[in-house]
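Same chain, two partners: chain A is paired with chain B first, then with chain C.
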Partner chain A sequence: MKKIQLSLLPKLLSAIAAKKALYLPVDGKAGADYKRYEEGDTLSRACRTNRSAKDFFFPQVEDMAAFRVEGKKIEIIDTRKENEDFVIFGVRACDVRSFDILDRVFLADPVDTFYENRRQHATVVSLACDAPEETCFCRQFDILAEDPAGDVAAWIVGDEMYFKAKTEKGKKLLSSLDVLLADGDSAPVEKEKKHLEAIQHKLPISEFNKEHFKPEDLMEHFNDPAWAELSEACLGCGTCTFVCPTCQCFDIRDFKTNDGVLRYRCWDSCMYSDFTKMAAENPRHTQLERFRQRFMHKLVYYPANNDGIYGCVGCGRCLAKCPISMNIVKVVKKIGGKKA
Partner chain B sequence: MKKEALIPEIAVITDIRIDTPDVRTFRVVTPDGKKPFEHIPGQCAMLSIPGVGEALFSITSSPTNTEYMEFSIKKCGCVTNFLHAVEPGQYVTVRGPYGNGFPVDTAFRNKDMLFIAGGIGLAPLRSVINYCRHHRKDYGKIDIVYGSRSMQDLVDYKEIIDEWCHEDGIHVHLTIDREQPEWKGHVGFVPNFVKELQFDTNKTAVLCGPPIMIKFTLAGLQELGFKKYQIYTTLEMKMKCGIGKCGRCNLGDKFICKDGPVFRFDQLEELPDEY
Partner chain C sequence: MQKMMQDRARELLSSGKVDRVLGWIEGDFVYDVTPHVFRENDIDQLIYHSFASQNLSKYLVGETKKDGVIAVFLRPCDSYSFVQLLKEHRFDREKVYAIAIPCLGKVDAEDLRAMGIRGITGVTDGKERIILHTLYGDVEKEKSEVIAERCRKCRGVHAPYFDERLGEELTKEPLTDRFEMVEKLEKMTAEERFAFWQDELSRCIRCNACRNVCPACTCEKCVFDNAASGIENKAPASSFEEQNFHIIRAFHVAGRCTDCGQCSRVCPQGIPLHLLNRKFIKDINSCYGEYRAGADLEEKAPLNRFDVDDCEPGDVVGKGE
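Moving on, here comes the complex of A and B:
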């Protein structure tokens, strides 16, 4: 365990930024968001950023390849570049778990090299939550907000910040900052963890029956009549999918430039009516089917393919951002809760 | 950097055969004249014209064809409209193969096969049929029921008449929806024709065609006594990546591009009917 006085944190951040690109959540007018560190930036203490941390590995838009087109001929240009090493500082436990969930999609064979390259170059410094919001429910997905994963885990206790390396990458980062860090005792952190855990048990969304979503009940949940009522007011705006740290659906599109064609991918959403639209047919005709797809994927389909791990991390962004106040907690209570 | 699955290779269209008013068959090779890659019958490939789009097509040619790949493509959307307007020599991009393909070397081995296709639905089946013809001794009797709107809409008509119809152990049953003066064969829809033909229920059936045809043919086969596990089909859904990541072709816990497109009907029974 290592520690630093909070008053010295700016020095630590500068030291990291001197070696690698550093990103951290910073408070802005509309809440916290990740940004590249500049001298003077201070770490936000907000428990949740507006946008999730998935952007670091799966950006909203990225180029895939370029094409030179001349008459009938086509030439492919590989536009991929090696990424720079970077550190994401202050990622909360829910967002750290989302990386594991995305890994199981993008690193599954055949590997997505765009994602893999960013992942390899990143060092994740997580930060335990000291003030979870009412809309937080990560604990329901067995995520410990008081003891986050990551390459290095960090805790703020009083006026000190504690660090514990959890991987080789993490050890390397901490040892490179050795001159600024002092040895820390684990007792204050353990005490803080207990305190943070107690806070989480007091959160309003402390109980729901996600365990009732079992792969073997796939068709039963799919055919549940409650989807009609739940989806009735859904606008299909896709906000939930964009702020969601685990939503990874994408589109691949071409853009004509002056001297050729640029192929890029961008986030897409199963909530959109044209997501599955083909020339002749659309298998998901109404918002009911699209709405159902999103939740069935997170609660039934994804776990069925991934050792029972749910595709939700309980970050609460969809609760905070949905314009009609529909969210996964309401869905779980209505669909999964009936068996209770 | 290592090879990226989503970045395609260049290929050239060397020949275009006009099958029907809205179906053309494109012969595709690499710029140095080789087959782009190996595949198994029923697998698909992503073809694209940069600037127009990329779309998934079933590989129509059999893997036993060592020289080139063929795609029978119906004109129905952006990419296909463009393809129907190109001439030989046109470069395209290709990547694949994608999907599971038909179990030609396992479940289909030594079986009497019944192929049932409607319209452009013959495209994915042609690959299997020609594979079975090439490895003739590994399969039992082959029956092919194929129907289309009209005589002019039958895909691969020449190959069917000149080759398939003349081989021992292969029985071809053609039908068209409405009578035509020059048509001497059967007239009527595929599902009824299948019932009329009263096939033995020991056969393994493979269905491909428009959803309405699939629905009624499946019911007809079951009436004859076929069990769902004896009947295969190949599904189509919008796809962008082809490798189970973009999320579009998700059907229950399966991805059509990766776990499909070939499914048995008893497997489909366990999945949502969003296809």
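Moving on, here comes the complex of A and C:
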């Protein structure tokens, strides 16, 4: 365990930024968001950022290839760049779990090399939650907000910040900062963890009966008449999917340039009318079907393919951001709760 | 008011005058409100308080395609969108029973959070004051301190095209001059203004919430969703493209925007999108005389008619440099 006085945190951040690209949540005009560290930036204490941390590995838009056409000759240009090493500082437990969920998609065979490259270059410093919002429900997915995963876990206790390396990458990062860090006793952190856990148990969203979402019940949930009522007011915007740390659907598009084509991918949203539309047919004609897809994916399809792990981390962004306040908690209560 | 609305809705449903009622339902939190189509079995769950923020009129486009008559509750701002939609023949008036209800101004949970009011569990509304019950005790505030920006300019008067009124008409003086910020932007240099919008729009994630909630955006297929349009895209390729989307949208709703402010309410990134629309409203007012979209069913909109005396906009507001 290592520690530093909070007053010295700017020094620590500068030291990290001197060696690697550093990103951290910073308070902005309308809530906190990650940004590249510049001298003078201070770490936001907000419990969540507007956008999730998935952007670091799975950005909203990225180029995949370019094609240059000259007469009958087509040249394929690899647009991939080797990423620089970077550190994400202050990621909350829910967002750290989202990386595992994305890994299971993008690092499964065939590996997504764009994603893999970013993952390899990243060191994640997580931060325990001291002031969860009432919309937080990560514990329902067995995520411990008081003891986050990551390469290094951090806790703010009083006027000190404690660090514990959890991986080789994490150890390397901490040892490179050795001159600034003092040895810390684990007792204050253990005490803080207990305190933070107690807060977690007080959060209002605790009745979350997700056990019913078993793969064998797939058709029963799929055909549940409640989807009609739940999706009735959905506007079909992409807010929930874009602020979601685990939504991973993307589209690949070609952009015609003067002398060829630029192929890029961008986030897609199952809420959009042309989601997975193919040349011949759109498999989901109505908002009900698209709405159902989002929640079935998180609660049934994903766990069925991934050792029972749910595709939601309980960050509460969709609860806070949906224009009509429809969200996964309401869905679970209506769809899953009946067999109890 | 809530009780009155429930009773009236129940009456309308049991008398067979309407088949469905469009209102608001609460979720896990008092601010967790969703528009909902009620029938007799769940009408006692209809709520109405400071967090019933969503406008309902746009849902009529879809709802009137179904069989039967639907009752809808219209707050003053929503009543203008209702008329505007009607004017554009976007829904079947015969299938709607419109009930005007008063509004004391809405409060957004995100705004309260920014003010440090968290863990909200309940609300007691008064005319001047609001009590927010939270996990950490009650917080009492002057309504004027906490109501949303879009409500600060409200005059509380309905557009007169509803079927009945519940409760009293609450006329009020706007708390702010709605063009104040527009004027500030107009006074900026072109560079400053560009920097202002660059900063705001760079946060856009192109989730389309502003478009999809907008009662003036009811195209069956938006040009940005239409693969045949050539400009369809799901993500901004550049910050320029982002501005393009918002500017095209603002132009398209010019003269039809009722200034309901829902675009800014729903933006997950807190972009003050209503300022673009207000600039258009201000310019239309100064070029063609006061005009309010949705106030009159018959009156032709300034941008839809031509008079030989019409001004040259460039002469009035100046030409861009």
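Throughout what follows, the second predicted complex is superposed on the first by the 337 of 340 C-alpha atoms of A that agree within 3 Å, B and C clash if a C-alpha of one lies under 4 Å from a C-alpha of the other, contacts with A are read in each partner's own complex, and residues count from 1 in each chain.
By definition in this document, a contact is a pair of C-beta atoms (placed from the backbone, for glycine too) under 8 Å apart; a residue touches a chain by one contact, two chains touch by 3 or more.
Remember, it's a predicted structure, so these values are computed and weren't measured experimentally.
For the composite obtained by superposing both complexes on chain A, the positions of chain B and chain C are free of clash and fit together.
Contact with neither chain B nor chain C is seen for A:M1 once the two complexes are overlaid on the shared chain. When the two structures are aligned on the shared chain, A:G31 is found in touch with chain C, with no touch to chain B.
Residue contacts after overlaying the shared chain place A:A320 against chain C, while chain B stays out of touching range. Of the two partner chains placed by the overlay, only chain B lies in contact with A:V105; chain C stays clear of it. By the touch criterion defined above, A:I156 reaches neither chain B nor chain C.
Vertex at chain A: the C-alpha centres of chain B and chain C lie 90° apart in angle, rounded to steps of 10.
In the superposed model, A:K330 makes contact with chain C only, not with chain B.
Of the two partner chains placed by the overlay, only chain C lies in contact with A:I205; chain B stays clear of it. In the superposition on chain A, A:R263 makes contact with chain B only, not with chain C. By the document's definition of touching, both partners, chain B and chain C, reach A:D251. For the pair chain B and chain C, the minimum alpha-carbon spacing after aligning on chain A is 9 Å.
Comparing which residues of chain A touch chain B with which touch chain C, the overlap comprises 251, 253, 268.
Chain contact summary for the complex, chain A toward chain B: residues 64-65, 67, 69, 72-76, 78, 80, 82, 105-106, 108, 110-114, 117, 215, 218-219, 222, 248-254, 256, 260-261, 263, 265, 268, 270, 275-281, 283-284, 289, 293, 296-297, 300-301, 304-305.
Note for the complex: chain A touches chain C at residues 28-31, 33, 50-51, 60-61, 133-135, 202, 204-205, 229, 232-233, 235-239, 241-243, 251, 253, 255, 264, 266-269, 272-274, 319-321, 323-327, 329-330. Interface of chain C with chain A (complex): residues 27-29, 31-37, 54, 59, 109-110, 113-114, 118-121, 135, 199, 203, 205-209, 211-213, 225, 227, 233-237, 262, 265-266, 268-271.
Chain contact summary for the complex, chain B toward chain A: residues 1-10, 48, 50-54, 76-78, 80, 86-87, 89-93, 211, 236-238, 240-241, 243-250, 252-253, 270-272, 274-275.
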